[in-house]
Amino acid sequence: MMTKNYRVGIIGFGMIGKVHAFGYASLPFFSQPLSSTFEITHVATNHRETAEAAAKICRASHAVTDFRAVTENPDIDIVHICTPNDAHLAPLVSAIQNGKHIYCDKPLTVSRDEAQTVAALLDQIPDRDQYGGISQMTFHLRFLPAIQRAKQILTAGQLGKIYQFRFHYLHASNADPNAPFKWKHDTHGGVIRDLASHILDLGDFLLGSPQSILADAQLAVEKRPKTRQKTLSTASETEFLPVQSEDAVTILARMESGAQGIFEATKLATGNEDELRVEIHGEQGALRFSLMNPHFLEYFDARVSDQPLGGQAGWTHIACGSRFEPPATTFPSPKSPAGWLRAHVACLQNFLHAVDCNQPTVPDLRRGIKIDGWLDLVRQSAQKREWINLSSEIHSEE
Amino acid sequence: MMTKNYRVGIIGFGMIGKVHAFGYASLPFFSQPLSSTFEITHVATNHRETAEAAAKICRASHAVTDFRAVTENPDIDIVHICTPNDAHLAPLVSAIQNGKHIYCDKPLTVSRDEAQTVAALLDQIPDRDQYGGISQMTFHLRFLPAIQRAKQILTAGQLGKIYQFRFHYLHASNADPNAPFKWKHDTHGGVIRDLASHILDLGDFLLGSPQSILADAQLAVEKRPKTRQKTLSTASETEFLPVQSEDAVTILARMESGAQGIFEATKLATGNEDELRVEIHGEQGALRFSLMNPHFLEYFDARVSDQPLGGQAGWTHIACGSRFEPPATTFPSPKSPAGWLRAHVACLQNFLHAVDCNQPTVPDLRRGIKIDGWLDLVRQSAQKREWINLSSEIHSEE
Amino acid sequence: MMTKNYRVGIIGFGMIGKVHAFGYASLPFFSQPLSSTFEITHVATNHRETAEAAAKICRASHAVTDFRAVTENPDIDIVHICTPNDAHLAPLVSAIQNGKHIYCDKPLTVSRDEAQTVAALLDQIPDRDQYGGISQMTFHLRFLPAIQRAKQILTAGQLGKIYQFRFHYLHASNADPNAPFKWKHDTHGGVIRDLASHILDLGDFLLGSPQSILADAQLAVEKRPKTRQKTLSTASETEFLPVQSEDAVTILARMESGAQGIFEATKLATGNEDELRVEIHGEQGALRFSLMNPHFLEYFDARVSDQPLGGQAGWTHIACGSRFEPPATTFPSPKSPAGWLRAHVACLQNFLHAVDCNQPTVPDLRRGIKIDGWLDLVRQSAQKREWINLSSEIHSEE
Amino acid sequence: MMTKNYRVGIIGFGMIGKVHAFGYASLPFFSQPLSSTFEITHVATNHRETAEAAAKICRASHAVTDFRAVTENPDIDIVHICTPNDAHLAPLVSAIQNGKHIYCDKPLTVSRDEAQTVAALLDQIPDRDQYGGISQMTFHLRFLPAIQRAKQILTAGQLGKIYQFRFHYLHASNADPNAPFKWKHDTHGGVIRDLASHILDLGDFLLGSPQSILADAQLAVEKRPKTRQKTLSTASETEFLPVQSEDAVTILARMESGAQGIFEATKLATGNEDELRVEIHGEQGALRFSLMNPHFLEYFDARVSDQPLGGQAGWTHIACGSRFEPPATTFPSPKSPAGWLRAHVACLQNFLHAVDCNQPTVPDLRRGIKIDGWLDLVRQSAQKREWINLSSEIHSEE
């Protein structure tokens, strides 16, 4: 293994860019030493001011306002795509063309068409990991210890044949009709791209691909004030913008494995914080998880006798805590709850470890392309109000 | 109010008949004194032996094997229909024709056609409460204190405009493929009639009628042994019967109110006991309930400030306990958990109080007819794999 | 086994007398047929009016106002003691002297002196079960399926050496200083007798006897209005009564087994309903239970590996539900939550089954005598603010 | 406010030193910009090798093996004390004498005598914040958003007169008798110093000072193998070391306010991870918290009506999440769970903000001295098995 100092550029520094950068700052604490080192040198945002503030947080030496100063920069090895969804494609294409390692936040792009552009580009590059650089999607929820443990239990066949599942991602952020318009209310910012991308990826990770889907979408708040309302008296003068994207979507799915279930993503779930729920029922067991209680994976073993008086049959709340596998550490302690942010660090660790070892990684850009295709079909099913067969739709192109 | 001794006959004495009878035995403890008295005098089952055992439990003086000995008996005032689903119609028709008060377990019948037979009969009788007797469906889950409290909160408009809902009824009884065939695996015993009837009624009670639905059903275990398997060695000689009804159904619904949501009924939910879950999200608040923790109704008031540091915003676990309204008592104590069985008693109390006061009651047989119609459309949607507009389908007939 | 119709008299018909009577009414539903039958024939209370109302609820033929009409009545076989704590002794003595079977609510009496009177009486009777009649204390919490299951797990040694325990019984009934004075605020009604009796019995049942204890009691509300306050304006004219008994007690205990722990009983636990909590930690496992979630017993097996990522180590929520052993039935269903009231029925079933089979039962009056002795020492320790060695104090007398 | 670059030295780099250092790495993400900057320049441990590894993680330029290279170094502004408990005193004294700002992990020292040495030193320095430098104890649990919110609710008087409380800190780390000996089993490493220090500080923070205490300690595993056992066969040859400190302690406390309650710290609580529980009951409300579910503070308002059917009375699970007050940010989101590690960062933020603004901070070293005094009395009470009056014991010296 060759020691190298990898130079990193982050494009976009809203909340998610900051989360990616946090990964580098905290990496020495959460990881055993890698043979390589990693250093954020560039941050790109649209405005000089925000770029400089971001660079200060990242300890980066360069604050730039053109993403090409990152993607085309020969000094940069790794590019992070952290722009809004509809501004992924251009830096992504440029980064691929310049042979960078890429760490791209979800969703890869905003449409199957855009995703196919990326796919075509990758196809032209005969290299390992498809294009010369090592790439990973930021599907960080896969990296929660409880989800990793769920994957192990499923892979070991402990649940037997899978009957049913429920994946819900419940947010409340669109429930208030007075919450002002932002880019997530625009065409490419709806819950299908923003949240359903996560649960479809998790479904794929844990249960495999859907065979057919039926989606129903909901737009509950049709227009939103341009800025936050101050008083009722000024409400009449308020400028409103029409909301362009769905607040919620529910997807019925029949999987290739024969399992049937629900994927639901919503921002109308009043009362919820960051409530990702996963439930899987099989012939021999079941699993349950909630992101609001991420320390535990609940596991039910149907083979355990319920005699006498219940026997030892029941849901076991497996304490996953901060029990990550090396090269991750269990800092600060195996028993310490590890949540959303720690999962992001683990996701980045997975990528940097792959870069360090020069090996392909999962979930790579191809996964992003696949999910992007599914998301388009979800929207299509919701519009037509019909079942769509995914295999025929997607496989024909791959 | 006239004092009368009402004489009661119970038709069918499986688990549910016994539950109905338990209501009478425990009524004096859970109810303030009514002006009338109620006495089980007859129990009818198919076999003399079971009828006599049942009569002993009920302290009934007559054990009969022909339901007409109850429905046509001039000494009987009140008839309980507790037979398997597909054996409701005949005693029901007879009881109506003989002017009895009727307490009928859900579902009313096994098809919209059967239900229309009942409807037609009721239409011929111009009397109060539609046919001269007072009638009630045993939709007992409405009578859980937490559900009653939910209804009050909804009626008061505390949730504002309703956005979304989820009603899940999760059982595990069909998850084991070696569980032997019983009538609930036969044509009219599937989860649509058995469990979805409950949640569609609850949905109707709390949120009003669906406008359109899309259902997906699942039959996971296609054949079942005629009797419980003893050893693996004899498996090859086992006689198997083909399962005739679905193990699970999921229904997407758009309500007349504009709310959207899910009704799911399943017996494949490995690991669950009697997990009815209700979640409702509105513009100004939300509600959550689980039958496995029936003491509490969870209520979120979105109008409460979350400042500072969360303020007082959050889910309040309202302790409903045994807080029933008079003439119910809070025996043994308001703080005592009241579950499935107590809800059955409350349901019966509602009926007997109506009989005692000679007034119509809710949910009456007309509700059963409406639900029966919906259940047929659920099956139809699952077969066609298409959205069905309920208003056009149902209203045309009413 | 001889078939007999046992005639039952209930003395005292406050909430607890009604609970005992409920046991008889619901017994046919919760129990397989016994060879004998049981019939409440007499109810005794202080006033004719309440006695008659009680008799109506019980379907008893006789309403009496002198307990001797029950205890000295040759037609009565079984006597229930349901009077306030300080009115147990007289009917108890009479019932013993008249050779009745006795079912006595906890605590047996209000002092070690009174309990010794009972003990002396029993010692004079050389008969089986100490005095010719079969006796049982109403320590009903032992009979919750989850507690029965806990006992099995402990007896099987699955927890290894017991290190620690916590038994809390948390009520809020005395938290409101405006709650009016009642007999439970009088000398013999405090939480030591009322609630600590339960948890010391449970401790004894599950873990054996304490060796030494140190108690701290609390009287937070020193006087209470004679009747419930209506308005603030009349507060000045309100008559107040001094509270004579403790609102709360906490007991540190070192057990004969070497385990150490806490018994806490309180009515100042604002926010709680009927919160009995049990936690036991051993070298090889642990148990947890809460009466507010009585369906489940939580069990932790420390011998299960927590590798990889938590392995299968964790708290298993064993679904005990209504899983009672015969002759109890699992009515209405094994999966149906069984709470406080059902535990009372199970406690009565245990007694009646013993009567039916003419065999001694547990927990008998001797248990009540032992607990009464401990309760006196708890009060003594709280007064002296000193550790008390139970073995020397109690064993010397037995 | 003067801009300055503060230079930081960390003494000790076990788990806790690493946690302190993590605070600096993640500070730019969790804090609005401060006027000053902070840079870890020195790390001191006992061995060159560990010091260098630590320095690499911290990006510190100097790895040293003598703490005086930090405390006596004129280039160093801020000193972190992260050594084992019994190695706090020497660097602490040196840091005070050299006028450093000090951030000291709990407990301050290992005895009241040592603490008095520190107190005497502080008394000699007439300066603000007692000695010229700004000091803070690492009682990080105070800084959990839910605990901060609890403090606000208590300060606002929302609970009325406090009746009772329970503070439990439940670990399982000593439950396995085969877990090898480490310094926490030595004289100064027991749960009284390690865990009871936390809950006594929390009690002081939330409820004020105890007036009298009674403690009972437990040593369950009297000797431990010098190294982890590999096989049973070698067990006979294993070298065992006698454990010098308690595994568990329970403290009954009567507070100056009149409240009564329990402080329990244990490492014998099989099945628990990092289970800090806080419960407080007052005349008008109650609070509940568990570190295993740190997102929420549970609050019960006893003034809310429970009519009808429970009204809106109940425990509200206030979502505290990452809702910190400025200069802390809510990164990554207010709704993101913030646990043990984030609380450590917040604790450091509080200190650095005070340094930045040159103002005294809470909890300062005087708090550490007070807690150290109490911990000695806890041990003393456990040894004598007697109540100890804290006011007389402690106040006489202050």
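As written, the chains take the letters A, B, C and D, and residue 1 is the first residue of each chain.
Assume a contact is a pair of C-beta atoms (placed from the backbone, for glycine too) under 8 Å apart; a residue touches a chain by one contact, two chains touch by 3 or more.
These figures come from a predicted structure and were not determined experimentally.
Although subunit B and subunit C share one sequence, what matters here is the overlap of their interface residues, and that overlap exceeds half of the numbers used.
In this structure, the chain pairs B-D and A-B differ in their number of contacting C-beta pairs, and the larger number is found at A-B.
We define each chain's centre as the mean of its Cα atoms; on that basis subunit B and subunit D are separated by 54 Å. Separating the centre of subunit B from that of subunit C, both taken as means of CA atoms, is a distance of 36 Å. With centres defined as mean CA coordinates, subunit B is found 41 Å away from subunit A. Residue positions 315, 319, 321 of subunit D are each in touch with at least two other chains.
Of all the residues in subunit A, the ones that touch subunit D in their complex are 15, 18-19, 21-22, 25-26, 28-29, 33, 56-59, 273-274, 292-295, 319, 321, 331-333, 335-337, 339-341. The touching residues of subunit A, when paired with subunit B in their complex, are 159, 163-164, 166, 168, 172, 175-177, 214, 216, 218, 220, 247-248, 250, 252, 254, 260-262, 264, 266, 268-271, 281-286, 288, 300, 302, 315, 385-387. Across the complex, subunit C meets subunit A through its residues 145-146, 148-149, 152, 296-297, 299, 301, 306, 308-321, 323-325, 334.
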